[in-house]
Amino acid sequence: MIKAKIVGAGGYGGVGLAELLTGHPDVEITALVAKENTGQPISAMYPHLEGFLDRVVAAPGTADADAPCDVVFMATPDRVGMTLAQAELDRGARIIDYSGDFRFNTPDAYADYAGRIGLDSTHLAGDLLPESVYGLTELHREEIASAHIVGNPGCFAVSCILGLAPAVKHQLVQPDSLICDSKTGVSGAGKKPGPAFHYPARYENMNAYRLTGHQHVCEIEREAGLLAGADLKVTFTAQVAPMTRGILTCIYGTLTNPISEQDIFDLYSEFYRDETFVRIYGGDAGIGTVHARGTNRCLLVVSVDERTNRLRIVSHIDNLLKGQAGSAVQNMNVMFGLPETAGLDRPGMYP
Amino acid sequence: MIKAKIVGAGGYGGVGLAELLTGHPDVEITALVAKENTGQPISAMYPHLEGFLDRVVAAPGTADADAPCDVVFMATPDRVGMTLAQAELDRGARIIDYSGDFRFNTPDAYADYAGRIGLDSTHLAGDLLPESVYGLTELHREEIASAHIVGNPGCFAVSCILGLAPAVKHQLVQPDSLICDSKTGVSGAGKKPGPAFHYPARYENMNAYRLTGHQHVCEIEREAGLLAGADLKVTFTAQVAPMTRGILTCIYGTLTNPISEQDIFDLYSEFYRDETFVRIYGGDAGIGTVHARGTNRCLLVVSVDERTNRLRIVSHIDNLLKGQAGSAVQNMNVMFGLPETAGLDRPGMYP
Amino acid sequence: MIKAKIVGAGGYGGVGLAELLTGHPDVEITALVAKENTGQPISAMYPHLEGFLDRVVAAPGTADADAPCDVVFMATPDRVGMTLAQAELDRGARIIDYSGDFRFNTPDAYADYAGRIGLDSTHLAGDLLPESVYGLTELHREEIASAHIVGNPGCFAVSCILGLAPAVKHQLVQPDSLICDSKTGVSGAGKKPGPAFHYPARYENMNAYRLTGHQHVCEIEREAGLLAGADLKVTFTAQVAPMTRGILTCIYGTLTNPISEQDIFDLYSEFYRDETFVRIYGGDAGIGTVHARGTNRCLLVVSVDERTNRLRIVSHIDNLLKGQAGSAVQNMNVMFGLPETAGLDRPGMYP
Amino acid sequence: MIKAKIVGAGGYGGVGLAELLTGHPDVEITALVAKENTGQPISAMYPHLEGFLDRVVAAPGTADADAPCDVVFMATPDRVGMTLAQAELDRGARIIDYSGDFRFNTPDAYADYAGRIGLDSTHLAGDLLPESVYGLTELHREEIASAHIVGNPGCFAVSCILGLAPAVKHQLVQPDSLICDSKTGVSGAGKKPGPAFHYPARYENMNAYRLTGHQHVCEIEREAGLLAGADLKVTFTAQVAPMTRGILTCIYGTLTNPISEQDIFDLYSEFYRDETFVRIYGGDAGIGTVHARGTNRCLLVVSVDERTNRLRIVSHIDNLLKGQAGSAVQNMNVMFGLPETAGLDRPGMYP
């Protein structure tokens, strides 16, 4: 059994891992670390885990929190993982970090990211960056397999990059024409209450935010650029819809050459032929975010607007699973040579 | 592997079973029967099942629909199971029926039930009624183990009866003082669209309905009466809240003798000591329906209103699981000598 | 024009008043007082008021905040109004207070209320209590007309008392049998974010709270007792449903004598014959909270459970209107001799 | 008083008009026509109208339905208004039609529209088309003032055209670069229940639909082309979000020349300087659809993505008001020389 530690166990990202790992055949959770509710079972905070995971929450820095293990999930905000990584590596653990701390390979790339959200732009473990791997499994599986530090991708980024990848790889779209219009459920903002996520303020409300620049665009452009073999820029708009889980992204790009919807469908299907968690649909399949809810899947609906010569991909994920905890478990499976679907092979819940 | 057939596979009760049984280690789904989408895989109707269950839906009366199996789940409306039961028994199957068809042991008791919802009151398989067993596992486990026909309980009834049982069994409450005030999520009304369940008509709306008499009260009074050893009547009020899953029932009864909240807590805990799926909480535990969502659990919060000498039990279930498909799988496990938690041993999804 | 001041303008209770008073033909808002966003127009906080009310928010204690006016609405939490009341009276204003500060006529009655929610039980303006009037217009219209201080009723209390009044007045129900099972929308908890009102924690969740005793029960028992001419106790259960506005209360009482539903209907209709804002319906009217939303109405659905000899009244209000700002305006209209419907005579918004 | 008739009074578009017109100082509703609930007061269908509008619903073709009036609102589906228009004109009425029947001036333009949604493409009152006027008040106020037939605009179209107008008028954006990504609340689909609008299927679900071509694109391109003085094509994507009211549209266009956000703000502000119902905001204003809810306003948030040289306008309306009934009343006001805000001058309801 792989011994797993969850740092940041109290947040939505942590509890999502707890749900997945308690059902994982090859993993044993050996430590839960959080700043709140320390000394109490995690089920005191999350009663639905009672009987499945009753482990006591350890405070950071305690012996329990620092016990050696095989894999550490840093389900923590930006700039936490970078302060803990070296010690965990020294104890023999491999690391999967949720934040932007290890999504970039150079201090400069990190600084660009950090600056967009007003963070200190100095990386505190810059020497670890070159060996960190971007954790979008479908695109970096081999590097992830041998990585000691994986930077789990941003939730919006997952929905965008998987939708863009075949098109930019095959030069189907003009590189200066890309737009990603993304709508997320409220859980994307995490567990901490705030005025914008207060139930009465959020129901019946949809809004765009951070219009001057969302930090996930860095990953999107980097990954799309790698696939295209050229620098790319993307217009990205983040929006919140009154639902808890789910991201729907509409991806637009002007076609370099006319191509039929069927050809796009075939090309996307071929690109993701061996991927369990990416599924391709035609425009009339009736797919919505609810069909990805509770799963690690990304559902891509492909279409062409022939009148305007434009490709339109509609990408659907569960932001807390393929956009977070699910990708993390998928990455762990790859890192430890397990079947990629281990712990992730169950249908969602409908309705 | 136990061969299972789901009749009525297209409804919420059927899809819930499909989700549970695809993850059940000892069960193989060998037939899906429905009137709609016949000849297509079930995943055409429910895309989230794709890759987990792609079996083609058989029309009633076809060879596929009538193939022998070990257990038939009749996830069908009232008065369907009674027309199919004998043939399935003859083919060697055991039956778990969702409707009111097999919840009562006599034609008269059935007629009382049927009359409340305007159904024909003549049972079409009255000879099977004496051997049918009421499928509330916690109260009828032994009879269920050997039953050939189980009448799965009504969703409201589950929440009420489990909350009432210890109190009436121990004569804690005056038999003429019982009130069950129940609120259900919208999925309780099933998959069929209608004006009362149209999204714009249902959001921001809460209402009571069927005030002149809800059919589930028959089961509640019968079971409570059996436990009390006396006839009982209960005032029952059904309400719909703007959520999809969940039932919250407040149960009130005047105490026969003063008793402390701690004593009630202990007595309920003792009553359900060996039950995996029933959990007892004190009044300040912060429990809501969301903590039962996605699970087969019934969460009971016990309290006493000392000022008015009244017992108050707040009962929480997922109406589609402990109130329907979960109870059905639990019953199947008992009938086939499997661990009672098989296929039901995973935490819900939060948030 | 009546000059009105709103203290606590930033909360839901304040903005609700702002919406109503900007449409009131006889009222001019002359001051908005709040602790936040001072010096900015109220529309900076509430963009939907832009163009209707752009008055700048004054900080407490400033000259603008203390300017004389005809009526002060204290849309403030407990224990604020009591510190401001005398000064406003001295400046010639009449006062309508939202909190529990002026709902009781004696320091002892206040202490009983305050103790239930952990407040300091000493009233700081106890000398004003004897002249304060309880602001449930339908029951205290004449005293309100001449009152200088009105204690606006609690939202739950409005729904309960209006539903109970005819029954207790006419001794239809046994005084020790009364139960009020109330469910509120989330806005009842106000504008301040918190873990229990965070969108992802609240959607798909229904729960009971404060089971050991809700403070509104004091008002309910006092008013019901006055009508009955005897002391009464009521079991009250507060619950939250995943909606923003609305309270649905089920009221139960054992009938002293058998009575038909039609007779109850007639009796309730007669009791409220001259009341614009209370409407009586039979059990099959299809009424829900949405039909009270956006209005100052209380909708009462009457029914009798003949099997158990029990009266059941289902009461529906908009918690922010008849349960708060609407009642406040109704009281102001009565105090200033205006038509009672002034500013309140428009239909709600559907859907 | 202007005598107004509402045909199609039972739908959301009809009830929205009823709510507005009962509060309109210069209008009297003299007939309500619908196919359902005829012979009963409209308040039997819509209890919240009780006391405000209790007029009996007339069946089509009856004397009551055909009584002469000053203005007829055809709150009817496509291809109904065209069969009734001439008779109403003959009786002296002016007409405001909700559907696509009178949004186009030629049979060919109508046929293009009709074909996209599978309607019969032959207009049944083609001779009336040349004199019909497109009812987007802000762009066609003068023609509307003297029109006898106004084709009220589509809800999506309102949000798109008002957002596009200043940019295309001033050639700010490249004509082949326009994308409108629109998300609507569920009420946009009307009152008729269906599988896609069933509460359990719709909560927690967001999806794109009619990807092969939405009919509103015809109006958008026609109006944008008129402003630009050239043919334009627009990629339009319709999506549904789990809310009842509201449309949020993100509009994208590649800038012809670099321009600052402040200059865009000033230019939009100038364009709509005299418009009461259009309001311009910068990117950090915190505007969402909730701020347009219950009003006839269109809220435009302007921003520039300098990195990609792209204009991005976020447009917010209430789909049932500025997108339907509100625009209809605004048009009526213009047609009858009333203040444009009559009946529309109240703030929305928050939260």
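Letters A, B, C and D mark the chains as written, and numbering starts fresh at 1 in each.
FYI, contacts are C-beta pairs under 8 Å (C-beta built on N, C-alpha and C of every residue); 3 or more make two chains touch, one makes a residue touch a chain.
The model shown is predicted, which means the values in this text are computed figures rather than measured ones.
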item	value
Graph separation of chain B and chain D (steps between touching chains)	1
Chain whose average C-alpha position is farthest from chain A's own	C
Pair joined by the larger number of C-beta contacts - A-C, A-D	A-D
Centre-to-centre distance between chain B and chain A (centres being mean Cα positions), rounded to whole Å	37
Distance from the mean Cα position of chain C to that of chain A, given in whole angstrom	46
Length of the line joining the C-alpha centres of chain A and chain D, rounded to whole Å	38
Chain A, residues touching no fewer than two other chains	12, 185, 187, 200-201, 203-204, 242-245, 286-287, 290, 293, 351
Complex contact set, residues of chain D against chain A	176-177, 179, 181, 183, 185, 200-201, 203-208, 211-213, 233-235, 237, 239, 241-246, 248, 250, 252, 283-284, 286-290, 293, 301, 303, 305, 307-308, 310, 312, 314, 316, 351
In the complex with chain B, residue positions of chain A that touch it	12, 15, 18-19, 22-23, 46-53, 187, 203-204, 244-245, 276, 279, 285-287, 290-295, 299, 345-351
Residue numbers on chain C that touch chain A, as the complex places them	12, 185-187, 191-195, 197-204, 242-244
